[in-house]
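Heads up, the next two complexes both have subunit A, just with different partners, subunit B and then subunit C.
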Partner chain A sequence: MGGETVFNAIWLLTILPELLLLILALIVLGVDLALPAERKRSLGVWTAAGLVIVLLVSLLAPVPEEAAFGGLVRADPLGRVFRAMFLLGGVLVALMSMDFRPLRQDGPYYGMLLFSLLGMCLMAVAENLVMLYVAMELTSISAYVLVGYLREDTFSAEAGLKYMLFGAFTSAVMLYGLSLLFGLTGGTGYMEVAAALREAPFSLAMVGFLMVLVGFGFKVAMVPMHFWTPDVYQGAPTPVTAFISVASKAAGFAVMLRAFRFIFPSLGGEWVALMVAISAVTMTLGNIFAVWQKNIKRMLAYSSVAQAGYILIGVAAASRLGIAAAAFYLIIYTVTNIAAFATVVLVSNLTGSEDIESFAGLSRRSKFLAWGLMLALFSLGGVPPFAGFIGKLILFAGAVQSGLIALVVIGVLNVIVSLYYYLNVAKVVFERRSEEEEEPVPIPVPSRWVLGFTMAAIVILGVLAAPVFNWVWRASGAWF
Partner chain B sequence: MLEQFIFVGVLLVVALFLPVVLIGLAWLLRPKRPNPRKSEIYECGLQPHGENWVQFKAQYYIFALVFLIFDVEAVFLFPWALVYNWLPLYAVLEGVLFIALLAAALVYAWQKGALEWM
Partner chain C sequence: MVPLQWYLVLSAALFCVGLYAVLARRNAISILMGIELMLNAVNINLLAFWRYTQPEAAVGQAFAAFVYAVAAAEVAVGLALIVSIYRNRETVDVDEINLLKW
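== the complex of A and B ==
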């Protein structure tokens, strides 16, 4: 960077969505102060409408390709795909929160959600170790608060504490790894670090890589950094669970893909072998533990660990197809998992329970809700013609192209195991009778929107995947 | 390159062993005269009375938090103020924006009643 840093107003365009998110957060917090208590439920509408505008701006506004702020951020097409993914997740979670009784009129809750999204958007475009760390901390600290938001509820408080302790520990390990990388290479920009790592001694570069991987692994919930998942998913308020299961995981993958591609190409052979092993273990452990769960949020927690394993197949493939498949699968996973959690919010609102048993007779209480949950479970399990099937197909194709046949075999076996517990829930919903089955489940308007959108997306992405996949595929071209 | 990192390795070993050695030495050298009074709760030398799980007002932490924000703000503003005369316009605006954001946070905390003493 020379002695003098010259500011260029064009740079502001690169982080325009982030700036708008900050303004939106301030507006939401201000509106929270101004509104009387009985009208505060409209905060969710403010948040969701604002996020839709930010999403449209991030998709449509012209963005300079080159790095901005002296190499801190680069809004390349794939970074923008990830950004759009988080914002879409944010819109759906904000709408879903409007039907979650303890949180729906809480201004600071929506503010925290927006700050966390702001951090995630920066994670997607960060191209500097310091920027990466700051963005990850902004995301995590807001998420710790969100998880422990219901202080009166011991489960939520416990989940918040566990999430924070685990997050602080992994973040400290990652920070030490980043400091080793800086010590080795004398730079913090991805390109500088990558160039210097080629000459660096292998052992030290590997130690730095492994320590950084701990931080990424926590975000995406891969084995062996998955221990927090079931407790935190169960204890957190359900919309927050949905949020960390989709947006936070996608943000972890966004930084992981970029870091592997641009910081550690010189360790390519080693990390591919490692990620193949981690991917296989992650999906197997996730699926096996999910089989035994009685609580639907715990089951979805282990299922999300398994899904992270599938996405890691794309990371391990390390080709253009692998990366595009991982990003595309994350879009599908976002809409699918949000559909599942939206039904959990409505059912647990009514029954006060999150057990799988409490879904008995749901098909007689509400056809719409039962089909929403069923589509989500089918898509997660990879049943054709739904979105999850085509997503897994492309992931496996990427692995085959890179010669990882064994990983594909393990993946297919895992999909079969996962069908057992996904269909088990569907069986409870459609077959099992319950005493309250005459009493219909009311579906408020925001949830109707969330479920309608996600159900349509699951079906459309399944039968008409090409436009969205081509968009992701074109975006991935800038990396190769 | 690798030789320069030997210091990091040495420091790591020392950091791991020092506490073990010190605690071990203390355990070896100290006189052992157990006494129930010794394991009582320390209360400034007074006889402890009542339970140790008592509730006390934790409200002060909000003041501490608000104070801390402005404390850190000052740390960031000192270097900014030092080179103020040589700063380009955008850097001045950045500083002003930073202060404005923190001021908005203070107004928010105030409106939410964080500064009321209950």
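== the complex of A and C ==
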């Protein structure tokens, strides 16, 4: 940050989606005050419609390529891909929240959702340590509130407390690492830091790197920073769980990929070896623990740890293909996991339970829901021809290209293990009978849209992946 | 003038005290206080580095100011969550807050 920096109005274009998100959040909070209580459910539509507009603007509006605000943010193509991913997740979660009974009439809830999204969008484009920290904290603090939102519900309050303590702790460690990087290099812009790190002593640079990794690891739920995942996923209101599992994780990967690419290239092979090990352990532990779970949200929590392990394969590959594959997989993972959680919302609304057993006979209660869950689980498990299969294939291809054959072997073994528990749920849904199976599950319109969209996306991304992958691939070009 | 190393040692010691509180204390408010100590250690680091390595640029000070502001927001949310759990459970002991486990 040069001292002579003067304000330039074109910079506002770089953060246009963020500005619009802020305005949208204020509008939603205002509308919340104006609407009578019985019509507040429409706040979800306001939020989702606004987010669709922000999404279109973020994709279509012209954006200056160079860094804005004296190097605080740079909206490069890959950053914009990530931003679009979060916004898409936000649209789906807002619609999904309309059918989650305890939340659907709550204006501040949608406001916090938008503030958290605002933080994520800034995370995707941050190119300065201070900006990175502030954006991550904006995301996290809003997410703490969202997780603990149901004050009367002991599970939600407990999940919120655990999430907050763990998050604040890891962010303090990360911040200490950032302060060391600042001290080592005298700068906070990624490029300045990277340039000065080449001359810095290796051990000190590594200490800074490891401490920063703790903060990123919390966001993406990688081992050994994954302990919060099952408790928070189970206790949080289900739409919030979906939000944290997709958007928050994707935001963590967005900052991780950018930081590894631009701050730490001088650490060379050392961090690659570390990430390979973490990736292997993360997917293995996630899958093993998922096998034993009785609660579907806990199962999906461990499954999301395992998925983070797969995405870390792309991070460890550290090539253009690896980075593009990770980003592409995150798009697939966003639609897939939201489909899974949307069915959980509807079923648990009716049965009042989140146990896997309560899904018994679902195929007779609602074909649509049963197939929605099925597609999501097949995609997570990497069954061809669904999206998750092609996503994993490209991730593995990236790893092979970078010579990480052992990691690919571990990955494939893990995919096979994961099929066991994904198909176990499928068995409960399609084969197990239950006494209430005659009673149909009502599917409100917003959930129908969410499920329809995500199911279509799972199939289309699986069969016709090329256009979307090419889009991500072109975007990743700016980094190499 | 006091050498830079002394500040860094103080900061590292403070960070470790905070870390110990986070790991060893069972009271949620004590854990939060430990996190605050860690953040203060960061601020000492930032200001010492700023003063000794580049006093002409304001970035170190700006960073520390952001840390203050964010830490205050974090504590506000943290205490609110602790109050909400206390109303439900009449305890702030993290060992007793254990409904969620496998």
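Please note the rule applied: the second predicted complex is superposed on the first by the 477 of 480 C-alpha atoms of A that agree within 3 Å, B and C clash if a C-alpha of one lies under 4 Å from a C-alpha of the other, contacts with A are read in each partner's own complex, and residues count from 1 in each chain.
One rule holds in what follows: a contact is a pair of C-beta atoms (placed from the backbone, for glycine too) under 8 Å apart; a residue touches a chain by one contact, two chains touch by 3 or more.
All values derive from a computational prediction rather than experimental measurement.
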On the A-aligned overlay, A:G183 touches which partner chain: subunit B = first, subunit C = second, or both, or neither? both
For A:A159, is the partner it touches subunit B (first), subunit C (second), both, or none of the two (neither)? second
Once the shared chain is lined up, is A:F7 touching subunit B (first), subunit C (second), both, or neither of them? first
Could you let me know whether more residues of subunit A are touched by subunit B or by subunit C? C
Check whether A:L33 is in contact with subunit B, with subunit C, with both or with neither, and answer first, second, both or neither. first
With the two complexes superposed on chain A, say which partner A:P230 touches: subunit B (first), subunit C (second), both, or neither. second
Pick one for A:L204: touches subunit B only (first), subunit C only (second), both, or neither. first
Both subunit B and subunit C touch subunit A at residues 180, 183
Give the list of subunit C residues in touch with subunit A in this complex. 8, 15, 18, 22, 28, 31-32, 35, 38-39, 41-42, 45-46, 48-49, 53-54, 56-60, 62-63, 66-67, 70, 73-74, 77-78, 81-82, 84-85, 87-89, 94, 97, 99-102
Going by the contact rule at the top, pick out the subunit A residues touching subunit B in the complex. 7, 26, 29, 33, 180, 183-184, 199-201, 203-204
Contacts from subunit B onto subunit A in the complex sit at residues 1-2, 5, 8, 88, 90-91, 104, 108, 111-112
How about subunit A: which of its residues touch subunit C in the complex? 1, 3, 129-130, 133-134, 137, 141, 144-145, 148, 151-152, 154-155, 157-162, 164-165, 168-169, 171-173, 175-176, 178-180, 182-183, 186-188, 230-231, 234-235, 289, 292-293, 298
